[in-house]
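Think of it as A, B and C in the order they're written, each chain with its own count starting at 1.
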Amino acid sequence: MLILERIWDFYVTVFFTAFNIENIILLFGSVILGIIFGAMPGLTATLGVGLLTTLTYGISTNAAMITLLGMYVGAVYGGSYGSICVNIPGTAAAAATAMDGYPLACKGEAGRALGLTTTSSFIGTMVGMFFLAVFAPIIATLALQFTSFEFFFLAFFGIMISGGLTGQDLVYKGWISGLIGLFLALIGRDHLQFFPRFTFGISELDGGLEVVPVLIGAFGIPQIIQVIRDQLSIGEAKKFQRVLPELKIISKHITTIVRSALIGVGIGAVPGIGEDIAAWVSYGAAKKASKHPENFGKGEYAGVISCETGNNACIGGAIIPLLTLGIPGSPPAVMLLGALMIHNVTPGPMLSIEHPHFITEMIAILFLASFAMFISGIFLAKQVVKVLRIPPPIFMPVVLTLCVIGSYALGTKVFNLYLMVPVGILAYFMQSMGYPIAPLVIGVILGPMADENLRRALMVSQGSFLPFFTRPVALILFLVIVWMFISQTPFYKRFLGGVKARIFKQE
Amino acid sequence: MMDDVLRACRMQARSMKRVILPTPILKLRESGNLRKVMDKVQLRKKDFITSIILIAFGIFMILYTLTEIPMKDSWGGVMNVWFVSPGLFPLGVGFLIIIMGIVLCNRAIKDGGAKKFMEDLSRREKDTSGKTLRLLGILLVIVAYVYLYIPRIDYFLSTMLCLMVFISFFYFDRPDFLKKLFTFYLVGCLLFLGLFLMKADKQLNKSFLYTTDGLVFLFFLAFIVYSRVLVHGDGVLKKRWKTTLIMSIVPSLILIPSFKYFLLVPLPVEGAFIELMNIIRYSFR
Amino acid sequence: MKKYCLLAFLFVFVLSGLSLAQEKKFPVRDITNTVVWAAGGGTDVCNRIVSGEMAKIFKVNINVINKPGGVGGSIGMNDVYSRPHDGYAWAGVSESCVTAGVQGGWDKRMYVWDYFIVGGSPDVISVTPNAPYKDLKELMEAAKAKPGSIRAGASASGSIHHLNLLALEKGAGVKFNYIPYPGSAPAQTAAMTGEVSVVVTSVAEQQQLIRAGKLRPLAMLTPQPFTMKDVGAIPSSFVPYPGLSKYLPIMQAIGFAVPATVPENVKETIADTFKKALATDTIKNWADSNYYTLSGKTGKAAKEEFEKLESLFAWTLWELGAAKVNPETLKIPKP
C-alpha cells in the first residue's frame, strides 16, 4: 500500500508541478542558470546552490526545491561545456570529461561530444533518481558501512587512478604530478590536531588550499597561456553534428553507462565525497574495462560518456543519505541541507514521519529537473559550440575574468586569487614538460581525505592495522586496489600473456 | 606455417638492421626525425633540472617535517603517538617525491639530458619566435590584475582595464604594437606599484575619496587613447579597436552587477564605480 | 568622445554625492547582514530568519550575504568592521568567532562590537543505542575505570562541542579518547557507524537521530533538563555531577553584531526591532521546532556573554596548543 501511495504522490507532484506555469518557468530558469554556472570556470554546483539558497528564503518550500535541484542538476551537467569547448572544466566534477572531451573538440566533434554528454547526463540523473526512489533505505544502510578505514581506502583508490592518467611522456610523470598535488593538499592546519603544516607563518594559509582556485589555476591558466601564446585556434566544429542523442553510440556503450551510473550512485551515497570523485572513478573504471585503453585521452567516446553518467548519477545518490539520515552525500548537498533548514524541514530519519510527502516530492522534482536539463541541454549545446567561433584573443581574456571571479566567489577571499596564479604558472610549465595536470588536482582533492582518515582510523583502532582487513567493505576495497596495482606491473602482463598462450595452444 | 612466418620475420629484421645501421644523421633530418630526437634531449634536459629540484624539495619536506612538526607530544587535545602525528603523511609524500626524483634523474642521465645540460651551461640560445614576449605579455596582464589592481582598485575598473589590455595586446595581431603596448602598460603598472609600495594610495584615498580609482581610470583612458593612436589610419585595425573597447566594457557590465546584485556576492574592493552602480541600483526601487 | 565626457561627469557626480551629510533617521536604505560562516550553516539560517522578520518591521530590505573564511570568521568580521560604522553593515556571528583573535585573524578584542544574541541550541551527550551505558553515571564510571579507552567524537579541536567535552572531562575527572571530526554531522555519522561510542553535539543537530532511536541521549550539558517530543525529558548532567557548574554551561551564542561605535540612537532602534522580531510567532515556532533556546540579549548583557566566551575559548585554545597568538598579548583575562 505504501508503495502505491508513493507512486500516486509522485504522479500528483509531477503533474501539479508540470502544469503550473510559474513552476515551469522556475524549473527551466534554474536549470539554464545552472548550466551557465556549470559551464563557467570556477562557478561550481556548490557555489550555485549556495548562492541560490540565499534567494529562496522568501518562496515556498516546493518552489525552493525546484530551484535548487534544477540548479544542482544543471550545474553538474553544464560543467562539461567548459571541459569540451575550452579544456577548462567548469566544475571539478567535469575535470574528467576534459580528458576525452577536448580532444574530441579538437577533432571538430564538439557537437557530438556535447550531444553525448547531454544524453549520458540525462540517463545518469534518471538512474540516480530511480535508486533514490526504490533503494533509498538499503543504500543508506550500506553508506553507514563507510568508516574512516573505508574512506582511507577510497581515497587511496582515487590516487591510484591518477597514476594511470599519464600524459604523452613518461609513465611516472603522472605520479610526480599527483605527489605535487598531495603536497599542496598538506598545506594548512591539519584537520585532526589543528597543527599548521607548511604555512610558514602566513595565516591565510591556515585554512589550506581550496579546490576551486587550484582547479582553475591548474586547468584555466595553462590553457589561456597556451592558446594565446601559440596562437592556437580551438578546434572549431568543422561540420556540425546533430546534438540529438546518437542512439547507435549510446547503445554501443550501454555497459559503460550502467557501470558508471552504479559507481555514481554508490559514491554519491557515501557521505562527504561527491561528483568529482564519482566522475574520476567512472572514468578510471571505463578505461580499465575498455579493450582499447590506449585510446583514452585521445578522444574516446566511452571516456566522455562514463564520467558524465557517473557525475550526474551521483546527484540522486547524494540525496539518499541527506534525506534518510540527514547526512549530505556531497558538497552541493551540504548547501541543500542548509536550504532545507531555512524552510524548516530538518532532513533525517524522522523526515518521512514529519513530512510524509517530502521525499516523493524531491524524487518528482529530480525527475522533472532531469527532463528540463535534457531539453535545455539540446538547445544550448548548439549555441555553445558557436562560442568556438569567437577569436581566441577576445574569448580568452573574458575566460580569464570568469576564472578570476569564479575562484574568488566561493570563499570571497582575494587570497584564493593569489594562490591561483602561481598554481597556474606551475601547471603551465609542468604541462610543457609533459606532465599531466589531472593527477595534481586529484591529489589536492583526495590528499586531505587520505591523510585525515588514515590517522583517524589508527586513532580509533589505537594503532592497529587489523581493522583494515577485517572489516568487509574495507577488505573488498583493499583487494580491488591490490588487483589494480598488480595488473599494472609487467609481471602480471607476462603472466596473463602466458595464460593466454597456453589456452591458445590447447585450441 | 608458423616456421614460415618466423623466417619472414627474421628476414625482415635482418633487412631492417641493414638499413638502420649505416643511416647517416642527414637522412634523419630529412624525415624530420632529428627534430624529435632534439626535442626529446631538450625535454630530458629539463627533466634533469626538474629531478634535482624534486629531490631537493623532497629532502626539504622531510627536514621540515622532522624539525617543525611534533611526532609525539600532545597537540590540540588529541592523544598523540606516531600514527596520529600530523607529520606522518608529509614524511611519506616527501619520501616518495625523492624516489620519483631519483627515477626521473636516472632516466634523464640515460637519455643524455644531463650531458645536454652541461653543454648548455656554457652557451645560451636566443629565442627569436617572439613567443617569449607573448608569454610575458600574458603573465604581466594576469599578475597585474590579480596582485596589483584587484586588492586595491574598484573591481569593475580593474576588470575593464584587464580586458582592454589583454584583448588589445593580442587581437591587433601585430608584434610591433604588442611591444609598444606592453611597454606602455608595464610602465603604468610599475608607477602604480611604486605608489602602492609607498602606501601613498591609502593617504590619497583618505584625503579625497577614491583618488586611486581616479588615477587608474585616467590610466585606462590613456591606454585607450594610446591604442587608438597606434591603429590610426588602418581601417581593419580601427574596427578591431572598437571591438576591443566594447568587449572590455560589456562583459564587465554584465558580469559584475549580476554577481553583486543578483547573487549577492560582496566584491573584493567596491570603489567609485560600484558605488555609482549602487546609486543607480537603489534609485530604481 | 561623448561617452568619455559622460563617464567623467558621472564620476564627479558620485564623488560629490557621497560627501553629502549623513541621514538622521534610521533606517532609510537597505541593510547588509554579512554572515561570517558559510551558507546553510546554523549561524546563516538563524540570521536569515531573524533578518527576514526585522526587515518586515523596518520596512527596508536586509540583504543577508555570506563572507566565510579566515580563522573564526575573521575575513567577514574584518570586512564589516572596515565599512562605515553607521549601522547599515551587520556581521552575522556565532560564539566561535571569539577564537579569531588568538588564531591571528583579528587584532582587536571582542568588545569592539555590540551584540544582538538570538540564542543557540544546548549541547547534549549521547551514546550509540547498543552501547551498554544507560545513564551518564554508568558512562563516567566506565571511563574512569579505563581512562582513554572510550571513543568520543566531536567537531574539530577547539570547537564549542570539543570545549563542552573537555569541560565534562575536567568536571567529572575522567578521560575519553577524543576523536576529532570536521563538523557535527560527520561526528554523528561516526557514532551511527560505530566508529565512536560517545558523541557531543547540540540538541538541534541531534534531534532527528535521537527521536529515530539512532542515538541515545544521556544528559544535557546545561543546568536545566530538556524535553523533547517523542523522547521525553533528558536529565541535566549537573544532577549527578554538581562539580560541573564550575566549567559548564558553554552555550552557543548565535546572532549578529554591529561595531560599538555606531551611534547610540541607531543601536537602540536596532535593539528594539530585534526584540520585537524575537517576540513574533514565526521566530518562536521556528525556535521550538528546531530546538533552539532564544536568548534575546542585547547591549551590556550580550557583551558580557561574549567576553566570557572570549576568555574561555582563548585560554582553552592556548592551553591545547591550538592558538597562534598568546591571549596575554591581546590582554584577554583568564577565565
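One rule holds for everything that comes next: a contact is a pair of C-beta atoms (placed from the backbone, for glycine too) under 8 Å apart; a residue touches a chain by one contact, two chains touch by 3 or more.
What you see is a predicted model, and the numbers here were worked out from it, not measured in a lab.
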Contact-pair count is greater, between A-C and B-C, for A-C
Which chain is in the middle, if each chain's centre is the mean of its C-alpha atoms?
-> A
Most distant chain from subunit C by Cα centroid | B
Could you grab the centroid distance between subunit A and subunit B? Build each centroid from C-alpha atoms only and quote it in angstrom.
-> 26
Rounded to the nearest Å, the gap between Cα centres of subunit B and subunit C is 41
So, in whole Å, the Cα centroid of subunit A is separated from that of subunit C by 32
Interface hub residues of subunit C, defined as touching at least two other chains | 64-65, 67, 157-158, 177, 179-180, 320, 322
Touching two or more other chains - residues of subunit B = 75-76, 78-79, 264-266
So which stretches of subunit A touch two or more other chains?
-> 51, 54, 192-194, 412, 459
Which bits of subunit A are touching subunit B when the two form their complex?
-> 51, 54-55, 169-170, 172-173, 175-176, 179-180, 182-183, 186, 190, 192-195, 197-198, 221, 224-225, 228-230, 391, 393-394, 396-398, 400-402, 404-405, 408-409, 412, 414, 417-418, 420-421, 424-425, 433-434, 447, 450-451, 454-455, 458-459, 463
Residues of subunit C touching subunit B in their complex?
-> 4, 10-11, 14-15, 17-19, 29-30, 34, 63-65, 67, 79, 148, 157-158, 162, 166, 177-180, 320-322
Across the complex, what residues on subunit A touch subunit C?
-> 50-51, 53-54, 57-58, 144-148, 191-194, 196, 203-204, 206-207, 271-272, 325-328, 334-339, 341-342, 344, 346-351, 411-413, 452, 456, 459-460, 462
Across the complex, what residues on subunit C touch subunit A?
-> 38-41, 44-45, 48-49, 52, 64-71, 75, 103-105, 151, 156-158, 177, 179-182, 185-186, 188-190, 192-196, 207-209, 211-212, 214, 286, 289-290, 320, 322, 324
The answer for subunit B against subunit A in the complex is residues 43, 46-47, 50, 54, 61, 64, 68-70, 75-76, 78-81, 83-86, 88-90, 93, 96-97, 100, 103-104, 107, 131, 134-135, 138-139, 141-143, 145-147, 150-151, 159, 162-163, 166-167, 169-171, 173, 243-244, 247, 251-252, 255, 259, 263-266, 268
